[in-house]
Amino acid sequence: MPGYLRKVWAVYAKDVRAELRTKDIFSAMFVFSLLATLVFAFALPAKLLDPKEVGGIAPGLLWVAYTFSGVLGLNRSFIVEKDKGSLEGLLLAPADRGAIYLGKMLSNLTFMLLVETLITPIFGVLFNYSTFNVWLIPVVLLGTLGFAEIGTIFAAMAINTRAREVLLPVLFFPIMLPVIIAAANATTAVLANRPFDEVLGQLEFMAVFDVIFLVLPILLFELAVEE
Amino acid sequence: MMVRAHKLVKSFGNRPVLRGLDLELRQGDFVTLLGPNGAGKTTLLRILATLARPTSGTVELAGIPLNEAKSSIRGLLGVISHQTFLYEDLNAYENLRFYGKLYEVPNLTARVEEVLNKVGLEQRAIDRVRTYSRGMQQRLSIARAILHNPPILLLDEPDTGLDRQAADMLGGLIRELAIDGQSRTVLMTTHNLERGLAMSDRILILAGGRLAAERSSKSLAPEQLQDFYYDTVSLGGAR
Amino acid sequence: MATFAKYNVTRPAKTGLGFSTIIMWSLLVSWPVSLLFVLLAGDDAILKYSQRIFYYHLPSNIVCFIAFFIYFVGAIGYWRTRKRSWDIVMVAGLELGIFFSVIGVVTGSIWARYAWGTFWTWDPRLTTVSIMLVVYISGVMLRAAIDDPTRKAALTAVFGIIGFVNVPLVFFSTRWFPKGQHPLIFSETSNGSETTIGLDSFMYVTLAVCSVAVGLLFTYLLTERMRLGQMQDEVAARRLALEGGEN
């Protein structure tokens, strides 16, 4: 077990170290989220002025931004591996496939959370809609974890097909719909200062999703990358 | 018997690439595999490297069948391909330390230094791999492959993309490391007939998805090799 | 024809041939019969005539779910054995699931239009089937993007397992959708606050007859699709053997 976790950490640390050098993934995701937010704001100016309306649509748009930038980041993290064949280098090593999956999943999660932490306040400012609420943290955490879990295995699969990175959103969006629904709903409730037990249901749901789709990809990753 | 393949068949859907190949390598053998493009050299190496599953047939590495204990078998292999498997934004130390952790190499720091010295990259160790020439990248790739001291080396056209001088240097390095205090078993594919002959104990020619010919390297003079190769390949291809 | 005799081509002798003939004839008989029942059944008190499409709508949804379950079973089978035969099962389940979910969504939509005036409601069942449809269409796109048959089967299997496990989660999450003005909720037992549709005994019989008809259609298509897959493999293998022999 400790060997397994050491390898997970090795993969994770490698991804983070490489990203710190170039900041490719992070900057692409951040700029994209920013632009998406701007587009939303300019496309729906009337909504923004009415405080009653904003609360209805802003959380949904926030999760749309997270979803699309998440896909961008997931793709880039595997394109890096594909180009120099380093994904095969990873597969050659006597490391359990599940450990490789976990390492990459955690690094993808880290990058996504980082971007979301920066984008959310900016979103709040542009939409004139307060996003400062402690209870938002578990919602974003659980939702993004789901993104990372499914996204990592699907990105590994997509990158080896003819369509490559274009296929990832096609596979990813339908499966993630339950999480997006629950998360957007929970976000709306949290930011409207609804009582916590209204949000509890969604949080429990996302937790169940996260647990199931943590275990399943670990078991399936071998099948997903073999030839 | 370090490497054994028996009646190895690999088809991609309905397109057969390997049609029942038998192969045996004893410990310490240095074997060059020759053959035209599409003959299945890379496919064979990928199967031996556990990257691809055979359609049928058996493979044993150091006596262990491929289907069992895949994880531990991988520790016996060092693989070099024309792709470097290196992370360009990290430097040589970081690349080697990463792979060292995956292969659970003991005394990692010392071993990394040792291996960098062997391939002559200790001066450039802290530079990002992106700044390396192709020859240097291949040398680092070799360093990565021997880091965990594997008894079996698989090399898939390591001289691709190198000029003659760099390729010769690489060849010398490979031969040196193959011996290196312990006789490693080496299977190498290449398009360069003379170099392949010079480096190896035996040459194998793959054609039509099967082993078309096998000769000890001493028995063939370099001048004879070209004709022999083309004869074998045209016969094998027509089968 | 003489040249073919040389290669000893024979029709694959399968007991399946007899079985599928029975199914086919049952099928051809059952559909007109079911239509008769549907026309004879009484009007629903609230929804009037439009309710009749429900007799095909409900079995289609159920059958679509069964098809996707078959895909799931095939995926598990492939995962465990890596055998091509499971790939055929997966593809059959996938294709039929899509076919019947389209029917389910379209009939549901038509029903909604005539009963409640809108083509779409956020009813949990309709939404779930629609999302499933989208998921499995993505599965088809996944397959289309891969050339190597082994990898195609492997990735189809991974997607099938993840997709199917996701279905209950999808269903659960639909309850966070806003309730439409006309909840299309159906239950055989009365259920307090939700609109219920009670069926009289003749309607139950009609439903049963239509279920049989839809079920037979599904069984027929499934067995034929799997047989098609096997025959395609056989053709390819024989072609290969011919090429090998002549060289």
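Going in written order, the chains are labelled A, B and C, and every chain counts its residues from 1.
Just so we're on the same page, a contact is a pair of C-beta atoms (placed from the backbone, for glycine too) under 8 Å apart; a residue touches a chain by one contact, two chains touch by 3 or more.
Bear in mind the structure is a predicted one, so any value in this text is a computation, not a measurement.
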Remotest chain, chain C as reference, centres from CA atoms: B
Between B-C and A-B, the pair joined by more C-beta contacts: A-B
Interchain centroid distance [CA atoms averaged], chain A/chain C, Å: 32
Rounded Å distance, chain A centre to chain B centre (Cα mean): 39
Interchain centroid distance [CA atoms averaged], chain B/chain C, Å: 49
Where chain B touches two or more other chains at once, by residue number: 53
Two or more partner chains touched - positions in chain C: 147-148, 150
Contacts with two or more other chains, residues of chain A listed in rising order: 226-227
Chain A residues touching chain B - in the complex, by the definition given at the top: 3, 6-7, 10-11, 14, 17-18, 21-22, 80, 84-86, 88-96, 226-227
Contacting residues of chain A [partner chain C, same complex]: 150, 153, 157, 160-163, 167, 170-171, 174-175, 177-179, 181-182, 185, 202, 205, 208-209, 212-213, 216-217, 220, 223-224, 226-227
Chain A-facing residues of chain C, complex: 79, 131, 134-135, 138, 141-142, 145-148, 150-151, 154-155, 157-159, 161-163, 165-166, 169-170, 172-174, 176-177
Residues of chain B that touch chain A when the two form their complex: 46, 49-53, 71-75, 77, 79, 81, 83-90, 94, 98-99, 101-104, 128, 144
Interface residues, chain B side, partner chain C - complex: 12-14, 16, 53, 238-239
